[in-house]
Amino acid sequence: MTDEPLLRVRGLSKHFPVRLGLRTTGLVRAVDGLDFDVRPGETLGLVGESGCGKTTTGRMLVRLLEPTSGSIEFDGRDITHAGRRELRPLRQELQIIFQDPYASLNPRHTVGRIVAMPLQVNGIKPPGGIKARVQELLELVGLNPEHYNRYPHEFSGGQRQRIGIARALALRPKLIVADEPVSALDVSIQAQVVNLLRDLQRELGLAFVFIAHDLAVVRHFCQRVAVMYLGRIVEIGDRADIYERPQHPYTRALLSAIPDVTQLGPAGRIRLSGDVPTPLDPPSGCRFRTRCWKAQDICATEEPALIPRDGGRQATACHFPEGEPVSTSPEGEAASTSPGGDAASTSPEPAAAGPGVATAGTGRGVAANIEEVSS
Amino acid sequence: MSLSPVEGVALAEIEAGGDEGGAAAKGVVGRSPGQLAWLRLRRDRTAVVSGVLLVFFLLLGLAAPLIEMVYGIGPREQFQNLLDGFGMPLGYAGGVTGEHWFGLEPGLGRDIFIRLIYGLRTSLFIAFAAALITAAIGVVLGALAGYLGGWLDAVINWITDLTLAMPFLIIALALTPTITLRFYGERGQVSSAFGVGVLIAVFAIFGWASTARLVRGQVIALREREFVEAARASGAGLGHMLFRQLLPNIWAPILVSFSLAVPQFITSEAALSFIGVGLSDETPSFGRMIYRSLDFLQTDPAYVFFPGITIFALVFAFNLFGDALRDALDPKSSR
Amino acid sequence: MDSSEPLPSGEPDDHPTVPTQRGNEDAYLRVRDLRVRFDTSDGVVRAVDGVSFAVERGRTLGIVGESGSGKSVTSLAILGLHDPRRTTITGEISVGGRQVIGLAEDEVRRLRGRDMAMIFQDPLSALHPYYTVGRQIAEAYRVHHPKVNRRAARQRAIDMLNRVGIPQPARRFDQYPHEFSGGMRQRAMIAMSLVNDPALLIADEPTTALDVTVQAQILDLLADLQAEFHSAIILITHDLGVVGQVADDVLVMYGGRAVEQGSVEQVLRAPQHPYTWGLLSSVPSLHGDADADLLPIPGNPPSLINLPSGCAFHPRCRYADRAGSRSRSEVPELRPAGADGHLVACHLSAEERATFYAEDVARVGVAR
């Protein structure tokens, strides 16, 4: 693994002006200062809830949106504001897969034409002809190459998503931005597509930026995970760190909110109150503080930096990350400083540590503690 | 809670999922959305009947010189010998005979049938030419405005609004004679080609705006679709975006608006010719014929009847066909 | 397809296995041998084909299925929301002792909203954009309480908004749906459904459009409200995790038929049908080996217009061959399997199922 990142993002921001007539009345800070790297062949998961800016980020990475500030370096070249002609050679190495398999294929084009589009647009004539290449691609994604002449409406959602993947692969890219590629599919189909992407990633050595709201899917696909909240990365780290040792309260809340088949009944959850605040007027200081059960005065005044803990690869933007003692205790915090609470905070997901045989009993006990903390 | 959203859910459930079986049974070559629309159109009886009628009219118009040869009478030939002393055609029903199928014009004694055929030809030519030019201007301006947005969109939008705000009839009334005067002077003999050209130009100037607005709306709706973004992410240029990705998806509304614009232009031509700013009497046209015939409404009703019924049938068939086309291209709207 | 006519649940009277709940005779909602058919231009569609279940007050039934499984059609049939010109419904649906099928439209309407209510997946399409949220809730109340005056209805609506956890309900009352966030809209939708204290609540994918943290809030809210109002809930979802969390009983549907039903422990802990196994092993989990491949169900969900013969799942079933040609020719009966009240519609024998499921679990490497 080389240390030279394939994709290098620094201070990336996108602000959408809100216009009332001709006057600009406000700024939606959809993405606000992202830093991250993706190395060749690496899969980075970008997770967060709706409105956290993950889709905007993905659109900026493939330059469908113009960044407001910051820089995007791809393969050592700055592409932040590159024009269409300068981007051309890069387009071939940087592709995108979309969420909606119904909107992402031109209904008037045959499958062959859809998959061949990137080749034709870039004037590439593969050896053996375009048709042979397209059929090879269709086979690669598990479709019948004979279906070359069919139209999108004749395929199911999962098959359409495969067509979208074949199109993204047509130019042999190095990095693919996958924007919620499975969330519009039936459950039994999601696994098919996740497995396909994993196989392709391994076989072709592709790097991925995998945008998703489903942490469980991301866990099965990504080596590294960045958690976003209101336009910022609140925590980034290796998969094992994020899922087993989450340090940011928001990461913990997200993880515990996922209903898991392995746990029956009303398992204890960290209950976040309220909704995500509007990016039009994000909270001062730490953006998560309005929903955080640990929030203190400093959280409102000072924005926590995304800094690595223990010199490791896991970075957390929090004044009071898990595993560090909390200096003062407002009401409700007392519970977490008790021994039980500590156990809860260091390992909120007991089953993740063991081979999945965690009984509901312990799970609930721990979770109950968390609930006390949060309420 | 009405039934509609609920039925929608149910239908979505039924229609969702495995087209697999159906598709596998169909064989390898798929049916394009256009082919499916064609199938739906062929199943629609109104569409078939109005379509056949339209084709019949088109053929008549196209074959006018041929018909003249077979019929043996030209549109400007006068048969004064078949008129009585008051200039009225001899015989019954305006002089209908085996020779003159629809009778003769009172006064000049020209053959109504052949003038009708040539009038059809003129009207259809003007209407189709105007509709084509209109559609071309509208599609290009609308697509550019919709796709590029920004100041170009603002400017085109402004011009569109301006055009739509202009009163068509008044300006046509003022403009047509002025142009004619400018080119031919007070007493010049206006050629029929010039008259036709002026009419088409006037229609095109006023007609493009609604098409542009329609296309712009469609393009804006499509612009944010992911397949358009996919093409952009692959580095596609403006030409590819407009002509390969966007236009194939808006043929349906363009076609429908085209098929509804043609009858509108036919009636407009008739109306303008009727009030005297359209074609001169030299060029056979529906408007002139009806205008002339109104004087004889009491004395020679057959003269009013034939052009009237033809223009009615033509416009009616066009409108029916346009509606059927809309249903076939967009089956959801008729549900 | 005709061979599928004599279905197991065709004789409801001596059917030993219909309900999975105790005391089903006085269950609030009883559905027996429900069949829903649509006449479409492509032929007759059997959207629901012989489904039976019962829900008591205070309990939650989770109906699990993918697109085209008939799960939404089932709920619409219970609510009597079908176009009678194109739909044929047979069987028995009893809500609080009253038959819904065959009831006159205005009587069904009276039942709907007062005794049973529905929560839709997309609250934005269910709420009218031009009326304030509060007004819609108050109207929903006044429809069934015509004697109540405006002020009382307003008070009732504000109480409901407060009850579902919407802050500043009096101010929110006068706002329009677009001024609400997604989670708040779903809360408002729930408030509207509950304004008449319905004993039966049908929630069709109520949290699918929501973020996980908001989903957690809504699921908690539903549980709290159920405890308070003691209502029977049908939760329709594709998410087994959600089912495991809130349901007492589970009905798994595939191709318009019930393939497995039982208590939540039975279905999720000791699943009997290969389709249920497939659903469980294809869902990525937060536990277990993250590098192991998911075990997807091959193929696509069937189209109800073109349902496979015999067992509708057989084209996607790994074990269809073991059951021989029966899987293609014969619709499997819903039979008792293992524990009390656990039903499965599968041609495999109990022993075969036990062996295959053990293999399946070993392959996925997730213990559950």
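A, B and C label the chains in the order they appear, each numbered from 1.
In this text, contacts are C-beta pairs under 8 Å (C-beta built on N, C-alpha and C of every residue); 3 or more make two chains touch, one makes a residue touch a chain.
Here the structure is a predicted model, which means the values were calculated and not measured.
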Pair joined by the larger number of C-beta contacts - A-C, A-B: A-C
Most distant chain from subunit A, judged by the mean position of its C-alpha atoms: B
Chain centre separation in whole Å, for subunit B relative to subunit A (CA means): 53
Gap in Å, rounded to a whole number, between the CA centres of subunit C and subunit A: 31
Touching two or more other chains - residues of subunit B: 17-20, 22
Shared-contact residues (touching 2 or more other chains) in subunit C: 66-67, 300-301
Two or more partner chains touched - positions in subunit A: 156, 159, 186
Subunit A contact footprint on subunit B (complex, rising order): 17-20, 22-23, 26, 28-34, 225-227, 229-237, 240, 244-245, 248-249, 251
Interface residues, subunit A side, partner subunit C - complex: 49-50, 156, 158-159, 186-192, 194-195, 198, 213-217, 219-220, 239, 243, 253-255, 257-267, 269, 271-276, 349, 351-352, 355-358
Residues of subunit C that touch subunit A when the two form their complex: 66-67, 167, 181-184, 211-217, 219-220, 223, 238-242, 244-246, 264-265, 268-269, 278-280, 282-288, 290, 293-298, 300-301, 316, 366-368
Partner subunit B, residues of subunit A touching it in the complex: 59, 62-64, 84, 87-88, 91-92, 94-96, 98-100, 103-110, 114, 117-118, 121-122, 146-147, 149-151, 153-156, 159, 164, 167, 171, 186
